[in-house]
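Structures are listed in the sections that come next.
Across the two complexes that follow, chain A remains constant while its partner is chain B and subsequently chain C.
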Partner chain A sequence: MIAVAERINGMFKDVRKAIQKKDPGPVIELALRQTEQGARYLDINVGTAAADQQAAMRWLVEVVQGACKTPIALDSQKLPVIQAGLEVCDGRPVMINSVSGDAEKLDVYMPLAVQHNASLVALTLNVDGVPQNIEQRVEIAMTIVAKAMEHGLDPTKVFIDPIILPVTVDQKQPLYICEVIKQIKTVLCDPAPSTIVGLSNISQGTSQRPLINRTCLVMLQAYGLDAAIIDVLDTDIMDATITADVLMNRIIYSDSYLKSARM
Partner chain B sequence: MALPALKESYAAGVNVVTLGATKEQGGTRSVAYKIGGAKTLPFMSPDGDPGQKALIAMDVLDIEPDWPDVLKAPFGDALRDPAAWAKKCVEEFGADLICVKLDGTDPDGANRSGEDAVATVKAVLGAVGVPIVVWGCGIDVKDNEVLPKVSGAAKGERLLLGPAKQENYKRLAASCIADGHNLICLAPLDINIAKQVNTLVTEMELPADRIVMFQTSGALGYGIEYAYSIQERQRLAALAGDKMMMMPVICDVGYESWRAKEAKTPESEAPEWGPQAQRGPMWEAASAIALVQAGADILRMRHPAAVAAVKRALKGLQG
Partner chain C sequence: MIAVAERINGMFKDVRKAIQKKDPGPVIELALRQTEQGARYLDINVGTAAADQQAAMRWLVEVVQGACKTPIALDSQKLPVIQAGLEVCDGRPVMINSVSGDAEKLDVYMPLAVQHNASLVALTLNVDGVPQNIEQRVEIAMTIVAKAMEHGLDPTKVFIDPIILPVTVDQKQPLYICEVIKQIKTVLCDPAPSTIVGLSNISQGTSQRPLINRTCLVMLQAYGLDAAIIDVLDTDIMDATITADVLMNRIIYSDSYLKSARM
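Take a look at the complex of A and B:
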């Protein structure tokens, strides 16, 4: 499972303060700690901390790149902010997070991903909103895959996000997401596109957030999930996801597997 | 839309390990070799970088070996003199590396001392310019006494030293770190233990690119399929990015092949099997070719005719 570490986000107080004061210390520390804990990508989101979000994105990317070699995920809904991040990327693997499944938006983001050799997170939502069932999600996923082929983006570099809704909103949804992931991984194209979820949404408004998060993650892995945006500093969720990878024969067991999987 | 080429691509690859150090690099070797580096399955160069070429290390023992006559014949009197034996292997038989096997230090055998082992290794280092592999007798207590002495005496030569095991790795890893050598990590046909030994040694801060894996080998007809499938699985894990599976692999083909009855039985006992002088080297060569196709980076071999056959095959496979 590709762990995309969520902590470098201007929505968190420490990062917000660091962006405002241009203090690289807390960002560097988060980059290093998350890398040590097994992050495969470091998500970078400026949040609402800065008036000039493009400048803030450039600064954050440069600070993170100076601290470690870990690949990065540029997280924004605004195209200019993503472009600002891409401009200062030093050639390490990079993920664009994210774009909706609308054809006209895909026509902009996919060439951008190809140009920068980037992976692209594409959400199964469109102008009509978030689909509430399996079929509509898969339909949007098909649009995304078709657009990737049209633009020459390797399908494995497309990370389709079926959009998790809080369990308190609709308890049928988690199994729907499982089924959507299974279909994306088995019927859309060969090689199959990658899948990703923004996991923490599942537990919004519940009293057992970490437990629900890690249980959900392991379930989704069993259906073929490739990546998740998670709190890698939560030892329990990392141990659970690594163990699921072992049980699914995705990584080879050894007595120190929890450690070696984080190396 | 053009039909896309069906190519596999992989996220990672096998580590590159450097064997031997020239004068400029702090040693005395006339040549240093790199092994590993593959970013695809063995010999699948259309899919990606096939990495460095596989090398052949010919065995030189520190005592006169108790081998079948057909295996002893090509070496003659040199079998009693490791330096002459090594020279013959390199100059006449084209060995890329020499593997000094310290069977003589076995406490149940000749029980030679660490000082004897140092003298043997130094004599071989003096006789040939190729990089050297030094292989202990396999008795942990004795290896812990002997191999650190060899390591210290050959400091800077960038030997490949071992084998380290799950129950016995600390002294050998410490010696390799201190003296700049590479370490062989052994696992008994068990991929989980192989990964564990690599992790333990890495935790001692021996860099991962100074480790070579020895999964233990089998000969044709004697479990080679287990070695083959373990190596194959290990290579796939390396390509998928498992850092503790990215180490290049050494196989002990000579020892395994020549203890198979098909190789060691003289024709007087099995005339229907044909001449042993052909049958033995064929058994060794066939085993070597199978293992190299599973991704072996170094083949330890014995009979010059088998070495020549494998070299011909490798030339066809890797140029």
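Take a look at the complex of A and C:
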């Protein structure tokens, strides 16, 4: 499981303050700590911490790149902010997070991903909103894959996000997401596209967020999930996801597997 | 998930001693504590604690029945020991644990289950041993279901155990077990038979037994597992399995779901 570490986000107070004061210290520390804990990508999200989001994205990317060699995920709904991040990327693997499943948006983001040799997170939502069922999610996933082929983006570099809804909203959704992942991994194309979830949405408004997050993650991994945006500083969720990788035969068991998988 | 509580087993020192001294105290305490922690069945296994296993089974069943109203699972590979337990059962739900998938054995155990209105755990193994693949496990499951129909045992009272092998033996096995459960739950018959696993085998010889056990359990639940023989006194595994039930839409979410699911 590719752990995309969520903490470098202007929605968190410490990062917001660091952005506003141009203080690299807390960002460097988060980059290093998350890397040590097994992050495969460091998500970078300016949030609402700065009026000039493009400048803030450039600064964050440069600070993180100066601190470690970990790949980065540029996280914004605004194309200029993504582009600002891409401009200063130093050639390490990069993920663009994210674009909706609307054809006209994909026609902009897919060439951008190809040009920068980046991976691209594409959400199974469109102008009509987030589908509540399996079929419409898979339908949008098909549009995404077709667009990737049209623009020459390797399907494995497309990370389709089926969009988890809070379990408090509809308890049928988690199993739907399992089934969508299964279908994306087995019937859409060969090689299959990658799959990703923004995990924490599942536990919005619940009393047991970390427990629900890690339990849901293990279930999704059992259906073939490739990546998730999670709090890698939560030891319990990292232990769970690494153990699921062993049980899915994705990493080899050894008595020290929890440690070696984080390196 | 039907939690079958594993602790009243003569393989554990405290229970062995209680059996040998005919001291009901520790057995009563385990019956009550396991029930409080959410056990749906109390497994009763004499182990090697007594020369007269039938007398020991009778004694254990009577002690447990005097302590609480929780259903019981009579656990032995020996038919006379199972029969001894059945003789003293007071009419509460009872599970016979277990019989192999050999036709001649099923022809003995199925009528016994019908006669006592009991559920029956049937293993997907036969004289040739434990199958290592999906197909042979499902084939034996089909034999089990056919025998249940022949003898008039409600398929939902048949708990098919696909037999988990240690992850250290073959890392492909957990996903095979997921697939076997899926097939048993969807293609064998309608209503589908129930499924059960003796969970702890998955982590034999590993350095992280509780973590591997609970992670495996959640994966199997995502594929429709109905029951597992587990340590219900392990708070973490109970929290995980109850949370998986919420995410599978098997129990309704409330902020106090961890507590209410145990009652």
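Definition applied: the second predicted complex is superposed on the first by the 263 of 263 C-alpha atoms of A that agree within 3 Å, B and C clash if a C-alpha of one lies under 4 Å from a C-alpha of the other, contacts with A are read in each partner's own complex, and residues count from 1 in each chain.
Basically, contacts are C-beta pairs under 8 Å (C-beta built on N, C-alpha and C of every residue); 3 or more make two chains touch, one makes a residue touch a chain.
Keep in mind the model is a prediction, meaning the values are calculated, not measured.
Novice: Quick check on the chain A-based superposition: chain B and chain C, clash or fit?
Specialist: fit
Novice: Compare chain B and chain C by how many residues of chain A each one touches, and report the one with more.
Specialist: It is C that touches the greater number of chain A residues.
Novice: Quick check on the superposed pair: does A:M149 touch chain B, chain C, both, or neither? Answer first, second, both or neither.
Specialist: After superposition on chain A, A:M149 lies in contact with chain B alone.
Novice: Is A:V127 contacted by the first partner chain B, the second partner chain C, both or neither?
Specialist: A:V127 contacts neither chain B nor chain C.
Novice: Is A:A51 touching anything from chain B or chain C once the two structures are fitted on A? First, second, both or neither.
Specialist: In the superposed model, A:A51 contacts neither chain B nor chain C.
Novice: Which partner chains sit in contact with A:K259 here, chain B, chain C, both or neither? Use first/second/both/neither.
Specialist: First partner only, chain B.
Novice: Minimum CA distance, chain B versus chain C, superposed model, integer angstrom?
Specialist: 8
Novice: By the touch definition above, which chain A residues appear in both interfaces, chain B in one complex and chain C in the other?
Specialist: 252-253, 255-257
Novice: Flag every residue of chain B that touches chain A in the complex, lowest number first.
Specialist: Chain B residues touching chain A: 1, 191-196, 199-200, 202-203, 233-234, 237, 242-245.
Novice: Report the residues of chain C in contact with chain A in the complex, numbered from low to high.
Specialist: Interface residues on chain C, with respect to chain A: 167-168, 171-172, 174-175, 178, 202, 206-208, 211-212, 215-216, 218-219, 221-223, 239-240, 243-244, 246-249, 252-253, 255-258.
Novice: Would you pull the chain A residues touching chain B in the complex into a rising list?
Specialist: 149, 251-257, 259-260, 263
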